[in-house]
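Reviewing the structure listed below.
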């Protein structure tokens, strides 16, 4: 019998119609992780289309950030498969997953606060810069070329988000909203095919949130990538997400479009608890 | 780390720095050869140079990598002994003049220290903070004990242990010390001011975020640590050729601490700070020979006081740039 | 001498030095548990204790018991003083700075001692004349018996203190979660000072017991002793009180075993090799806690 060559088998998930002919950018099959005796995440199956803006919501402690940590291999999954494009990420570590095309931001901002805004973006761009250590030490032409290209690219990226004026400022000195934006820009600099945003609107007022929503759609439209976000702000989620998965106690309890999710009784129960009596009004 | 652009184009900065160095080198050699600077002071200058290289090498690990290796003297010892044993062999074989073979000895010292540094890095760099400090301390002590006792295991005289390794040709002079100081500074400087340096600093700042940017943290930590060991080995080789006699007791925990004090006082992450600190901490005690018993007390008091009042060290993160200073002066003239 | 007697006598040796290591390791573990500091100066407190005892016995011609009490008091006071002067100001500073300060204090103590007492070793007069005990063919020295008994009593008392007393509870609370402990009304500064005091007192007792077995005081005696006790604390799990005790005895016995096998010149290397193996295989030690960074 010939050696069976393993090929990823796309599952029967849902993607936006425009992406239906392309391979999904991210697919998880039976993904799960246990911590000691605790099953933190189980049977996490999700498909994200190439240019889809997807949302992952659920009550606090449901395991949403744990899912992100599984996808980015901060934790190694106990079971299941993650397919990033056509690559199976089993055995990869965090930096390898990033090189394969998955970038992320963090719930508690993780900037390089002692470095400048521009340097933060340059670090994100690290793997796209072409020269090696000997070139750097002997200051060969490839070093100068590489640095120049990287700087230009990073400044351009910053200007898309109107941040080019702050390029030389220390990242830690930026106001909160700008720091969140910088984290996104840095993630974009890694040239991802999917961007994972962990509570990007946390701590933002309605104006900033609206701006963020515009920016996220702009990112998808400009770069042609997919975005998966964790959020508690329902206006944002319902406003820009095309596909939503709802997590509770580590399991997906509902999946669908914003309208389907909004009216799903299981979702309402997860957030607000069981309806006590008949006729009691439940405010979603 | 800021990248304020100086008013001069890059090639001019390089030219200014290069000319300055050549001036220092030739001037220094002339001063020593004509007796303007006495032999005694020449030796102090050479010792300063050795300690500068040691400080710069440890700075790479503490200031740039953000780790606290406490066994740095071990790498110095490895470089010193490997170079010394090689140079004694060269003298015994009497084929080539020692001065000519010294560059090989130095390189050997650096490479051997780097090799052991690489091996030690494999388990050590998996740990963080306090644990890394402890494990490197352990390795440093093991190196010392091995150098002390290995002759018993080998069955013949190799390191001479506590009896001291003597008759090492004193081939260290102002020229090769200065050259190596310049090379060390240059290599570390160009490394830090490149994407690799940025990656290294990013790891220090926030390792998890650096990983999520696709940076292979193990690679950069290992590279930085190995480079640090390499230059410590070079300093060790120079030291062997300076002092002519080696004893393992000179490379214990105390020595590691002395180097650490130099780096911390100068500012972890500031190469200029390391240079100034090493120069001051080497030359001042030499000048104050009479008060040498108070030297260590002043050292330790200084260390504690600086830590309490300025935890980032005297120079903090400040980086020195000749062209920056010159362009500032020029700016003021015009402005 | 038969193999049996050699083994047993080395075992006794190991237990004797091991209990001294354990007493010192307890200080390391308690301090690390409460403020996450590797107190490099701890080993040198022993040196101060030894010199204090020497001073009282030789210079002030006091009775050994007075000297012992003076040594323990001196150690305790010094530990608290160092904490107040050098460590408290750095409570909010990066941990690296705190570590370096501890190293600086250690250096300072050693060099002050060298300045005041000279670099050579001072011979200590005998503290007490305890007769040896014979069990079968094995002779156990009086000092060994006293060391073991005193150490065990100290550890039992410490255990009672930590488990039953109010201060002990406060110490455990602050170790677990400083913020929460503060919110519960626990005085952090007092608790930390108390921890240092207890740890240093134990080190003082350790220094006296050590001097009884090795009656010499020198400026650097604390350094290697402290380092080895430190390895013991790491082996047992730094931050764990029972771990420190187990670690201490393990290191003591390991050293004795090395000597018994004729490898006494490699004793130090054996101890540090144990350290490295522990750090590679299980960095948190035998009984240590796992501190995970939240992502």
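In this document, chain identifiers A, B and C correspond to the written order of the chains, with residue numbering beginning at 1 in each.
In this section, a contact is a pair of C-beta atoms (placed from the backbone, for glycine too) under 8 Å apart; a residue touches a chain by one contact, two chains touch by 3 or more.
Keep in mind it's a predicted model, so treat the numbers as computed, not measured.
In terms of the distance between Cα centroids, chain A is separated most widely from C. Put simply, the chain nearest the middle, going by average C-alpha positions, is B. Here the spacing of chain B and chain C, counted between their Cα centres, is 34 Å.
Between the Cα centres of chain A and chain B there is a gap of 43 Å.
Centre-to-centre separation between chain A and chain C, using Cα means, comes to 50 Å. Residue positions of chain B touching 2 or more other chains: 208.
Along chain A, residues 74, 106 each make contact with two or more other chains. Counting partner chains per residue, chain C has residues 295 touching two or more of them. By the touch criterion given at the top, residues 72, 74, 93-95, 98-99, 103-104, 106, 110-116, 118-119, 122-124, 126-127, 129, 131, 133, 136-139, 143, 146-147, 150, 168, 170, 186-187, 190 of chain A touch chain B in their complex.
Across the interface of their complex, chain C is touched by residues 62, 68, 123, 126-127, 129-131, 133-135, 137-139, 141-142, 145-146, 148-149, 152, 208, 253, 257, 260-261, 264, 268, 293-294, 296-297, 299-301, 303-304, 307-308, 311 of chain B. The touching residues of chain C, counted against chain B in their complex, run 36, 38, 86, 89-90, 93-101, 103-108, 110-112, 114-115, 223, 227, 230-231, 234, 265-266, 268-269, 272-273, 275-276, 279-280, 283, 293, 295. Within the complex formed with chain A, the chain B residues making contact are 1-4, 187, 190-191, 194-199, 201-202, 205-206, 208-217, 223, 317.
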